[in-house]
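Look at the two complexes coming up: chain A is in both, with chain B in one and chain C in the other.
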Partner chain A sequence: MLKVLDSAVPIPCWSCSIGHNDSTLFCPHCSKIQPPPGGNYFSVFGLEPRLNLDLPALEHEFHRLSRKVHPDRFARAGENERQWSLADTALLNDAYRTLKDPLHRTEYLLKLEGAEIGEEFAAPAGRGAENGKDRKDPSRVPADLLEEVFELNMQLEEMRMARKMGEEDPALQASLEQAKRKFDGLLVEVDQNLHIEWQAWDEGDAAARKRAQKTMLALLDRRRYLSNLVRDVTETLGA
Partner chain B sequence: MAYSDKVIDHYNNPRNVGQLDKSSTEVGTGLVGAPECGDVMRLQIRVNPETQVIEEAKFKTFGCGSAIASSSLATEWIKGRTVDDALAIKNTDIVKELSLPPVKIHCSVLAEDAIRAAIGDWKKKNSVAETADAAAVAH
Partner chain C sequence: MAEGRVVGIDLGTTNSLVAYMQGDAPVVIPGVDGSNLVPSVVALDPITAGGGRPTVTVGNTARKALIETPERVIYSVKRLMGRDLKEIQDELKLFPFRLAEDVEPGEVPRIRLGELKFTPPEISAYILRQLKRNAERFFGAPVTQAVITVPAYFNDAQRQATKDAGRMAGLEVLRLVNEPTAAALAYGLDRAKVGTIAVYDLGGGTFDISILKLRDGIFEVQSTNGDTHLGGDDIDNLLLTIALDEIHAEHGVDLRGRPGAVQGLRRAAIDAKIELSTEPIAHFDIELPNGDRYQREIPRAVFELLIEPVLERTAGPCKRALTDAGVTPEQIDEVVLVGGSTRIPAVRQLVDDLFHLKARGKKPHIELNPDEVVALGAAVQADILAGASKSTEAMLLLDVTPLSLGIEALGGTVARIIQRNSTIPASATEHFTTGVDGQTNVAIHVVQGERELAADCRSLARFDLRGIPPMSAGLPRIEVHFLIDADGILQVTAREQRSGLAAKIEVKPTYGLTDEQVESMILDSFDHAEEDFAKRLLIEARNEAETILAAVERAPGSPAWKQLTGEEQAAISAARGRLAAIKLGEDAAAIRDATLALDQATRRFAELMMEAAVTTAIRGKTMDAAGEDMGEAVTAPHAMAPAEFK
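Here is the complex of A and B:
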């Protein structure tokens, strides 16, 4: 995780002592490599946080910066500079891997905005139930899908049992294939809705962004649920 | 991460797996899910209309060992209790009994929610009894 510093405060270059922005990898004055930057994965590439990214441009910038910080270039440099080039290389790899993937990028941006994402925060009726905090946000459960999800799981179990006994059940197989098509379709729908929210976030004011963030969190939950299901169905059908 | 012995026991020998007649007025059904892990849990109760005691409880859970153990334990605990008593069960009780680690706490929350949902469904079906009962408590 990156250290979060106020990038508006200039940091003096260790080599030429002229102050520079903390999110830069190299001193703009003497071109020496700097300690790993503060800020976030976007600022490493000189970008404002946003969801619609020019991916070819990002890739180009990633390659350009990776070449500049490549440890081979610092083989004969001082100990600090060698360490920083290693740290920058790792940072660039993490940043690029996160930003190029639409879902990782969305999750990362939401985390930057303070969202709690991940199994450790999971709680069906809201988080913090253990320490007595108020439960909130029950909307995170895709309740409209519960019945179907439960049914699908029953069929999957039946299918696995039948397989174990060496039996084939064409009707069950067909029904599972149909369910898979349906859930695949729902996934596409979720991704389309995510794109709409990306636009809303990128172009919106603070209030619009808040609304988009809330919607995106719900969409990501739904997506996770759906993709887990599709994975299970695919595994069972392919077994 | 290692599961506690109690989780493993409930996982290997789940209590009260099964299904009750959803359409019966004595039966309440709770269906809940956790989007993060894809777990789904169905918990059903059959309540004696005279005594409001939960005489039978069944569950079916698709999920990890902790989710199965949490719902298995939940059905064990609510059987023989009155509806109001069953509502007093907190997810933290389940966490303690099963020694669930922090990342699995949501499984216990799911089980508590399933109890509440099942009782809520039963109350909805028997709305008259519920208001009478609530009135009796209020006076």
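Here is the complex of A and C:
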């Protein structure tokens, strides 16, 4: 199932000078390590971008490539090869870390398709702190959850106050636990919906893919929102 | 082998070892005395009257000097590696070392050893050089390349300091390997195992826990956690505190303030601790300076109650490591115990509880000597790197970074760019732009740690992106590439994308030595050549002379000066004139004598100053003045005598 991408312009190998496509870590002719290739995290593994991945196969390929490219294999090599091994392995590790996680993989693919996700930043000497602020922004609350979220935030506040005073409130506790179960359930629902869209993207034509991308972006937003909520409840309950 | 051997070194808090791969099995290389363990103790021999150069000794001989000349000995220096002034000051509350007085903020602190001062990497370099010599004696050939182990939870600065020490000792450090991972390598060598293992490593000064997945020779670390301030030293200090308090209360003898006696007592505490691993009861029986004997029984139950809080501190990191690896205790197939402190039965009980071992009919692995297993693993990794051996060619270690890497964002919060437990090498690319029209510099602050605020994390480096072409605000697009290499050390590169210019980067490590400093500290440069050593003595004697001269220069401006008699003022002036003249000469001993004379002459003046402004005078005087207060604090867990010198 692993496909090899062919680059339009062949790149000559630094060692044997024979041209090869630029998405390879090793020269197919002389097997020498190459500088970090172009392409994307999928092409590192010889894959087309897709969302349903065979994870055991991915892990196997990760191990196979690691054995060949890791800096441990180049500890006594020349300076160039050492540097390329380092850069290639970083790329391989970054790619594997991103692709093995379903959410990171989805976000990455959507970014490849041009979506702006998360924190692109343009602060004067750094970046704005976007993390966590979206939940406080009422416009980001999924419309169908507005009322419940409002209620939940009140209860969370009450719970924190009670905790601070050292009081027990079993009714509130039970209510929060129930809310947590509900939001956990919603998370599962989101994940199921994401899987449906994965299928749609992997197998659909261009128009179907565009539709799936739009839906997935919305689902990811909802998911981020829900998991922040669940984390807050878990933290408050566990405090 | 054309390039010579690569040895594996365990540079430990208490003991250090060097090992190599003999055929397909790693073995420890013994020292001249036949011992596998080289105590991580460095001593400076007293300068002889004839003016011969002082020599540095390492290991068992240095340890003997602890009781005779404690002010010329340093141990547990690993606790000081890669730490800044503030951290070291905290650390020195537990250890009887004296910081050099002239350390500027931002500099790597120097520790006094007799009349000289050394940075922690230099002290470590002496230990490494001893190991190198042991190996060279053993092979009868030079050894220039090594793998050195570090606690998995060591941060960037601590790792860099360890690498610097290697370079000073004349070793090319091919790789830093995490200690628990090395232990796993040592255990995994003879079996093609598949499974998930936990390595619990409680050493002399650090605690690490790592969870690894083994598969077809690939050792893939899933998560790591730990505490770089937790180990057998803490247990020793608990016993020591009890003994010091009881001796004071029952015999009216305060040993705090007598470093030699405290060291003797520490030795007895360590012996008692070791005895309690096999015996139900241990005894203190110590002769006190007043002729009394301090005798005490320590039943194991009392000992276990005493150390429980210390051991309990290892539970949190274990649980976090399991969570990060996404496994339950039941999913851990095997547990490996590393570090001398895991010989303590209570530690084994705790590990059993944490990983539900007995309930599952399992036992932790202790087949390999816990003092040696890390060095053995380092030898395996050395063999992998040398790349010439059948026994290790199928093995590969995939380790992780223990701490998240982040950038300080607006408002002082941290934006994480590489999460902890990412497989290394790992990289992240971030884009930065300008906030003001025509801005040509952008400052970036890189931190390491898990806290939300940059101020609570460890500052790694501040750097300026310079030479950005002047453009409207927000238009430049500077791509910065952060890469954590296989040693767990950060590298940074940057490029302005719109203009295609490589932005110049000036990375200022927040702590640590510059390349030039490391270069100047390479041991051979002053150790082999006697005049270099003398030069160093001379430089330090001159620095001390400068310090006191500068202080005396300011003296006439002080109200205390007017309280001195004319005779006293004249004596100071005379001593000052002598020192000012002598310090230009080449005789370090003469400069030291003249410095001492000036110090004597100004003694009453200093006292008057003290009376005038007690608090400021104490703060301004010496580090150990502050430390003396610590020694009396019975409640402090590590009450230790401040060193008394001169």
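A few comments on the model shown:
The rule we apply is simple: the second predicted complex is superposed on the first by the 210 of 239 C-alpha atoms of A that agree within 3 Å, B and C clash if a C-alpha of one lies under 4 Å from a C-alpha of the other, contacts with A are read in each partner's own complex, and residues count from 1 in each chain.
What we mean here is this: contacts are C-beta pairs under 8 Å (C-beta built on N, C-alpha and C of every residue); 3 or more make two chains touch, one makes a residue touch a chain.
Bear in mind that the values here come from a model prediction, so they are computed numbers and not experimental data.
By the touch criterion stated above, A:146 is placed in contact with chain B alone, chain C being left untouched.
Looking at the shared chain after the overlay, A:75 reaches chain C, while chain B stays out of its contact range.
In the superposition on chain A, A:12 contacts neither chain B nor chain C. In the superposition on chain A, contact is made by A:90 with chain C only, not with chain B. Contacts of A:222 after superposition on the shared chain: chain B is touched, whereas chain C is not. Residues 119-125, 129 of chain A lie at the contact with chain B in one complex and at the contact with chain C in the other.
Interface residues of chain C facing chain A in the complex, by the touch rule stated above, are 3, 174-175, 215-216, 218, 220, 381, 384-387, 396-398, 407-411, 413, 415, 422-428, 430-436, 439, 442-445, 473-474, 483-486.
Contacts from chain A toward chain C in the complex involve residues 63, 66-67, 70-73, 75-76, 86-87, 89-91, 93-94, 96-97, 119-129, 131. By the touch criterion stated above, chain A contacts chain B in their complex at residues 118-125, 129-130, 140-143, 145-147, 149-150, 153-154, 157, 221-222, 224-225, 228-229, 232.
Taken in their complex, chain B has these residues touching chain A: 31-38, 40, 42, 60, 62, 91-92, 95, 102-103, 105-106, 109-110, 112-113.
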